Amino acid sequence: MDNDIRKLLEGVRDGSVSIEDALLEIKKEPFVDLGFAKIDLHRKVRQGVAEVIFGAGKTPEQILGILRLMKQNGQDSVLVTRMSKEAYEFVSAEEELDYDPLSRTAIFGKCHEPDGIGTIVIATGGTSDMPVAEEAARTCEIMGNEVCRLYDVGVAGLHRTLAHMDEIMSASVIIAIAGMEGALASVIGGLSDCPVIAVPTSVGYGASFGGLSALLSMLNSCASGVSVVNIDNGFGAGYIASRINHMETRS
Amino acid sequence: MDNDIRKLLEGVRDGSVSIEDALLEIKKEPFVDLGFAKIDLHRKVRQGVAEVIFGAGKTPEQILGILRLMKQNGQDSVLVTRMSKEAYEFVSAEEELDYDPLSRTAIFGKCHEPDGIGTIVIATGGTSDMPVAEEAARTCEIMGNEVCRLYDVGVAGLHRTLAHMDEIMSASVIIAIAGMEGALASVIGGLSDCPVIAVPTSVGYGASFGGLSALLSMLNSCASGVSVVNIDNGFGAGYIASRINHMETRS
Amino acid sequence: MDNDIRKLLEGVRDGSVSIEDALLEIKKEPFVDLGFAKIDLHRKVRQGVAEVIFGAGKTPEQILGILRLMKQNGQDSVLVTRMSKEAYEFVSAEEELDYDPLSRTAIFGKCHEPDGIGTIVIATGGTSDMPVAEEAARTCEIMGNEVCRLYDVGVAGLHRTLAHMDEIMSASVIIAIAGMEGALASVIGGLSDCPVIAVPTSVGYGASFGGLSALLSMLNSCASGVSVVNIDNGFGAGYIASRINHMETRS
Amino acid sequence: MDNDIRKLLEGVRDGSVSIEDALLEIKKEPFVDLGFAKIDLHRKVRQGVAEVIFGAGKTPEQILGILRLMKQNGQDSVLVTRMSKEAYEFVSAEEELDYDPLSRTAIFGKCHEPDGIGTIVIATGGTSDMPVAEEAARTCEIMGNEVCRLYDVGVAGLHRTLAHMDEIMSASVIIAIAGMEGALASVIGGLSDCPVIAVPTSVGYGASFGGLSALLSMLNSCASGVSVVNIDNGFGAGYIASRINHMETRS
Amino acid sequence: MDNDIRKLLEGVRDGSVSIEDALLEIKKEPFVDLGFAKIDLHRKVRQGVAEVIFGAGKTPEQILGILRLMKQNGQDSVLVTRMSKEAYEFVSAEEELDYDPLSRTAIFGKCHEPDGIGTIVIATGGTSDMPVAEEAARTCEIMGNEVCRLYDVGVAGLHRTLAHMDEIMSASVIIAIAGMEGALASVIGGLSDCPVIAVPTSVGYGASFGGLSALLSMLNSCASGVSVVNIDNGFGAGYIASRINHMETRS
Amino acid sequence: MDNDIRKLLEGVRDGSVSIEDALLEIKKEPFVDLGFAKIDLHRKVRQGVAEVIFGAGKTPEQILGILRLMKQNGQDSVLVTRMSKEAYEFVSAEEELDYDPLSRTAIFGKCHEPDGIGTIVIATGGTSDMPVAEEAARTCEIMGNEVCRLYDVGVAGLHRTLAHMDEIMSASVIIAIAGMEGALASVIGGLSDCPVIAVPTSVGYGASFGGLSALLSMLNSCASGVSVVNIDNGFGAGYIASRINHMETRS
Amino acid sequence: MDNDIRKLLEGVRDGSVSIEDALLEIKKEPFVDLGFAKIDLHRKVRQGVAEVIFGAGKTPEQILGILRLMKQNGQDSVLVTRMSKEAYEFVSAEEELDYDPLSRTAIFGKCHEPDGIGTIVIATGGTSDMPVAEEAARTCEIMGNEVCRLYDVGVAGLHRTLAHMDEIMSASVIIAIAGMEGALASVIGGLSDCPVIAVPTSVGYGASFGGLSALLSMLNSCASGVSVVNIDNGFGAGYIASRINHMETRS
Amino acid sequence: MDNDIRKLLEGVRDGSVSIEDALLEIKKEPFVDLGFAKIDLHRKVRQGVAEVIFGAGKTPEQILGILRLMKQNGQDSVLVTRMSKEAYEFVSAEEELDYDPLSRTAIFGKCHEPDGIGTIVIATGGTSDMPVAEEAARTCEIMGNEVCRLYDVGVAGLHRTLAHMDEIMSASVIIAIAGMEGALASVIGGLSDCPVIAVPTSVGYGASFGGLSALLSMLNSCASGVSVVNIDNGFGAGYIASRINHMETRS
């Protein structure tokens, strides 16, 4: 930001920019206001990731409108999360989408080539955690990460977890996804020495209280390398894992 | 109870028992009323276990009074739980007690000889769970069970758990005690095929909410053989484990 | 497990097993990976019980797939829990099932002959608790236990409970199932001297908060022999009761 | 109130009361403002009960001040609840009080002669509930009720409850006081056919959550005649029971 | 109960009752077991009220079955609560019912003539609380009470409450029904000197959390004569109010 | 009120008003009782605002009935909130309404001309908060306020918030509406020096717990000028903002 | 801010400000960094209020350090909230403070002359709410508001509230402070037509859950003009009330 | 682990290792059992970090015992967290410690030289969050990271946050620490494009509910790159940040 202001100020000093224009520029909004949404067009540049449309609570028309605006601005890779089948059908009549009904995600354009530090392992406690896991997996993939899926490796059958020690030990980042008691995060956190992102899911009944049980479990993990995102937030976990997996490109 | 009533009725029929006496007998209270407490004197016979005084919320004088009454009625083995050091000092001036400050339990008389089906394994997630574990262990011991202690085998260091597979696989009953995320119960429940009694503890901070996190975890355990008692209820777990471990003596 | 590794090592020493094969064997997964699920084929041997498919969150196709795999591996007795009518209709077109719409459980194959220590009493507070009770009862039955049903014996009509003192006193294990205030567990726990598994149910309204009231009640039971499973978890209670009722076969 | 206004209006009409005085009278505050408290001096007349000072959060000086004001206004019977020993010592240096350290209540003046419909039974689940029970009992007594105390009759020892069927069946009102799982209210509510006031107490630990467990239990009671007051609110229960026990004096 | 046993014993003594018959009689269940429900046929005698069928969670067939059994046993007045329109239509094809769709209650037979101490006032905070209020009102009416309805007198328009001071001051018992912040109970409790039964309702949104807000409010009422029943429990409130309103018939 | 009573009393004194009439007048209800609702007809005068019908839990017939009564009493501007499409269609067949399906509000008559101190800014964190925001906006507008909408200015894109510093700095009152973590209220509260009314919304999933997360956030705001209304209570926020924005008309 | 940047840019254009200096100026922090705190020195100008030091969690030395810095920068009126007696004694050895032990607030310098629109009424439900009320009152006073205290006017004694109708009706803003069930806010909100700021307090016990009961009550108030601040947040309420009471100085 | 087993197996094959020794080796515990704790001596090698002793719930003697064992095994850098002053004084009599009373952490040995990818920024919302922040900072430092502290940059004074845009934009990882409403995490998460670890703190009062408010806020953050650890868990945040900051050393 410094550089931008500096250039602007240099322009003011040498007369090539008027004070009014400078003022205007400083206040110019780096987004387009669609009325119902303010779409940030510079985020890709600023954050180095594909653009994301959080589909929950948006009408099909709104999603299409946002997608088109992004496309017009040169965005070639967009992820839509929490997209209903109805929204998919409406939008795909106009724009080509790769839709996954399990995770309710759609990808416009292509996934980036994997260019991260290593592989992101996505492990789930059970079969029912798969929608969340696939949301995470597709988020990782569109952002240029290699993904290894380890589904249904819950701790009640520890041999199923241990059978994948190789993948766990060699992962760059691990996303541990579980409902019910959420113990998977602690076990994997204890076995591995890479950052572990834990995702509690709303899978369960009774005293799982919509994922609260798994959430509290993961927050209280006795394994030290575990941080947690919101219940069922596969996208968030994938996004963070991707950021971590691209750490070497920073410095 | 049928038998008692039948005898009574036979006595009434043959005139050896008056109607008034029979009525009285039926209503006779099988306990002594100390004013502040009603002490059940037949429980030992009825339930085959040592008598227990729940020390919390009782004054040293009350504990001593109850203990003496039990002693007078022939009870030779009494467990006092949640007994403060002050209460211990007061009571032990009068009656000989084996007091353990860690678990705050006192034993009057002697422990029964171990006569259960097998060994009760008591496992804890961490060092801080030991007070609860010792309350369970001493409860088991006074009720005639052999106990094997596996402390600090939390799941974040799974090799510490697995190092004790022999004990776990050969246990008759397992008491799994853990605070924080309470994952120990699920891991042990998955490894073993005996009944597992899970005890959440209030060990932890922040989002452990006084043991709530471990409690919910254990209730939602994906391992099928796990049942749960109240937070920090080492006595209850030991008591149930002992009942189960003496099952073969029933039929 | 020791024995297995010992044999393997002996094979390595005497040359009958190559090092590569031994390594492979140790890592060989004792389950079949169906993609959406990892099915443990040795559990029957290891835990001595019928196999169970937790139907919630699985598609009819997935349930059928798992069932067939089990059948192919010689499993002759499978319990499917939380199975929707739709899933039942789909699966039963291919495989013969004994389906109970009340408890939403299906049994493939036959129940084991009762060979437990004694009878498992299943008591409910009210009529509305019956679906959970039947899930427990059928779980007990497929695992080889005699079951005695005492339904609608809630504590507000104590004479209904007391009318069944004989069954309660002679039970091997009792499963006490109640919603609302869940007092049944305490009353039965006080009357009986066998292990009591308490199941809170979501029956109730308002401040029952989906079973939380009964759950807390049961966890705080003043009766000492009561342990608790998750809200509405009839299967879990039946499974644990069966384990306890087969204790004498251990040593 | 109609009568008061009517008299005032008649006075206005016949000239014996000026308009200004009438206005003033209507607005005249039926309490004395001590700055820190507004003491209602007519409550005794209006509600037919002894005056009560809720001692919690009041300094000894404030309690003394209020007591004196009441005394000056002819109040001859005052109950102070939640009074610390310090406050008692300060106030009793000036005014004679009958102080009970267990319930932390003090009575100034004398209790009314019992003149209610019948006897109020006060039952507790355990010994530790006695402070709350005595607060209720003394409230009942100062308001002119005969009280029958049944302490430590918790449902885990049902014979102790049943031994007192006579008292329970003949009670006019029953106050059922219990912590932990609070099942006492349901059992007594089922046995009796008089109004039952349930008081949850904070006795317990772990998942009793400071009385929440007993509170929810009592609110969800399957017995129909049970209403509930706040946790540890012995005074409130006694006050309501007394109102009910004096019903016949209404019409 | 004493009398019954005494007579039995006298019969045994004089030989008119055999021991076996006496034993049988003592254990004879004072209810009919329909399989899905155990119907108490003596409750009417024992508790002096019309019989009640709690309709929630019962099928139309079950309700009809219970109703018929009651009718066969001479019960001439039955209240069915929480009865769906479907259940009503099914049952009313066979038995004549007075159904109120607002409160979802049905009355079989006739209401008792009002014979209570006085009038029961039923007040609600708003229009939306009417279903709960009508459940209470019809419960009161079938049990022989005169009812005065004061609906929509919430405290935000205090003049609406005060306009009914006459009814409030002359009530025998008041049922105060409110959702949202539930302040009505405190205001009425302060204005009146009769017992007040407070019923929190689930009316509201957001932080009313399904009635929790009103429930806590009412439990914490600063007015002393208020006791509380479960959220939306109009029946319970009516039942208790009726018990209190018939107090003078006891002694 | 004094004046009214004074006039009445003067009438009584000079004989122009009988005592009975005076009594009656004092008790006369300043509302019309429709049975299901008591409609306050003087509120407009007393509070200087348009009349409001809270549509939730009212039938279309009831809404129409209330609206007509208001109209008959000269009310020319009525706001109906939480009005379903069905209710709108029913009522609009009889009375002309300006209905907004997004906020589910209807306006009868016309909005007052803006006559407040300044502009009320309504800001939302995201697109999904718009229904609540429009309920607030239309409430403000019918009560005579100029409204400036700033939608989708959530803090994750701080430049979008900062781009509107001018509007924020010059607002008379700000309504900050956000779900999820509700941070918007704190950021705006820190930037602005006018009163800020925060509205948590139920937008979010998982650990947002129906708006609880945003609600707690806003209550704990580290910015000092923020007060909070109920979750999704756009009407309440608009109503309060309008009151504040008309402050200068008071003195 | 526009003006500042404009001036800076004009300076750059006319050469009187170098680009480096302009950059620096833009980034210059309008606060002093004390290491443990960043003290905003321009807030007074920006927000027109006295400076406030939130004393909780600050050492006496830190409070003194911040106070001195403010004093050096010309601040002549500072409020310290949540100041322990120890902190007061330490600081007052160096700087003159007007300390109130009840509210634990200290005022440095003098209160502004009252210059608001009208009077701020501060009402409490009970005596125990006074510490919070005085924190609010002193906050109002230092910010130039006239305050009218109405303490102990809780709704259980409605005549005490109504006795102050004059003050309530003529208030400019009302702060309604109550613990327990918090009904005061609704009653006052219904009686008055000015903005009402509700402050729940932690006064109460049992199911008041540290103020949660009053908080929920106030958020769910059926009176429309009520907004809420955090439990025990007297300062916040006073601050907001003062902002509202100075509205006319804006335009 | 493969390698270890392979070597073992090769030893068995070539006869240099007996089968018994191989079995023993496989089961040999890679920790020392102190009775109260099982100390993992290989963790340093396995996870590349300094050893940590979680001091809470451990006696000074236990901490000293563990520290000595680690020292004997060549560990030259140990962090003790949650160490009371008493424990510090006891241990430092024997071993040299660098103790920080604010964060209650002690460092034995020296911090590693910073060798991470970049700088870890640790930002707090307020002064009171410093103990948690310093626990995080010292954890980062002992694990070889450069730390930049930004304390008291809460969002209510946004200019204080923005003044540090340079540090925020150039951070490798950011730890955002805040109590109350926890909005700092969202604001920083929106400004930055590196991984953000959010730490809710228990700073606050009333509706902060011991950190629950901040915890929920952070879990619901609308900024995508934020993951969360337990309340007050400064150590955990520092540990994870260090893992991430050392990512480039993996591949």
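Each chain gets a letter, A, B, C, D, E, F, G and H, in the order it is written, and its residues are counted from 1.
As a working rule, a contact is a pair of C-beta atoms (placed from the backbone, for glycine too) under 8 Å apart; a residue touches a chain by one contact, two chains touch by 3 or more.
Small disclaimer: the values here were computed from a predicted structure and weren't measured.
> Once you count every C-beta pair in contact for both, which comes out on top, A-B or C-E?
Of A-B and C-E, it is A-B that has more C-beta pairs in contact.
> Going by more than half of the contact pairs matching by residue number, which of B-D, F-H or B-C reproduces the interface of E-G?
F-H
> Which chain is most remote from chain A in terms of Cα centres?
Result for the farthest chain: D.
> Since chain D and chain F are copies that touch, is their contact same (over half of the numbers shared) or different (under half)?
Same, since over half the interface numbering is common to both chains.
> Which chain lies the greatest distance away from chain F when centres are computed from Cα atoms alone?
Checked the centroid distances; the maximum from chain F is B.
> Measuring centre to centre with CA averages, how many angstrom lie between chain A and chain G?
For chain A versus chain G, the centre distance works out to 41 Å.
> Counting only Cα atoms for the centres, state how far chain C is from chain D in Å.
49
> Counting only residues that touch at least two other chains, what does the list for chain B look like?
Only 2, 126, 157, 206-208, 212, 215, 219-220, 224, 230-231 qualify.
> Could you please write down every pair of chains that are in touch?
Contact pairs between chains: A-B, A-C, A-F, A-G, A-H, B-C, B-D, B-E, B-H, C-D, C-E, C-H, D-E, D-F, D-G, E-F, E-G, F-G, F-H, G-H.
> How about chain D: which of its residues touch chain E in the complex?
1-2, 46-48, 52, 117-118, 165-166, 169, 172, 193-195, 197, 215, 219-220, 224-231, 235-237, 239-240, 243-245, 247-248, 250-251
> Flag every residue of chain H that touches chain C in the complex, lowest number first.
2, 5-6, 9-10, 12-13, 15, 19, 22-23, 26
> Of all residues in chain F, which touch chain A in the complex?
126-128, 130, 151-153, 157, 159-160, 163, 203, 205-208
> Tell me, which parts of chain F touch chain E in their complex?
Of all residues in chain F, those touching chain E are 27-31, 35-38, 40, 56-58, 62, 200, 202, 210-212, 215, 230-233.
> Give the list of chain E residues in touch with chain G in this complex.
Counting only chain E, the residues touching chain G are 125-126, 154-158, 180-183, 185-187, 189-191, 204, 206-209, 212-214, 216-224.
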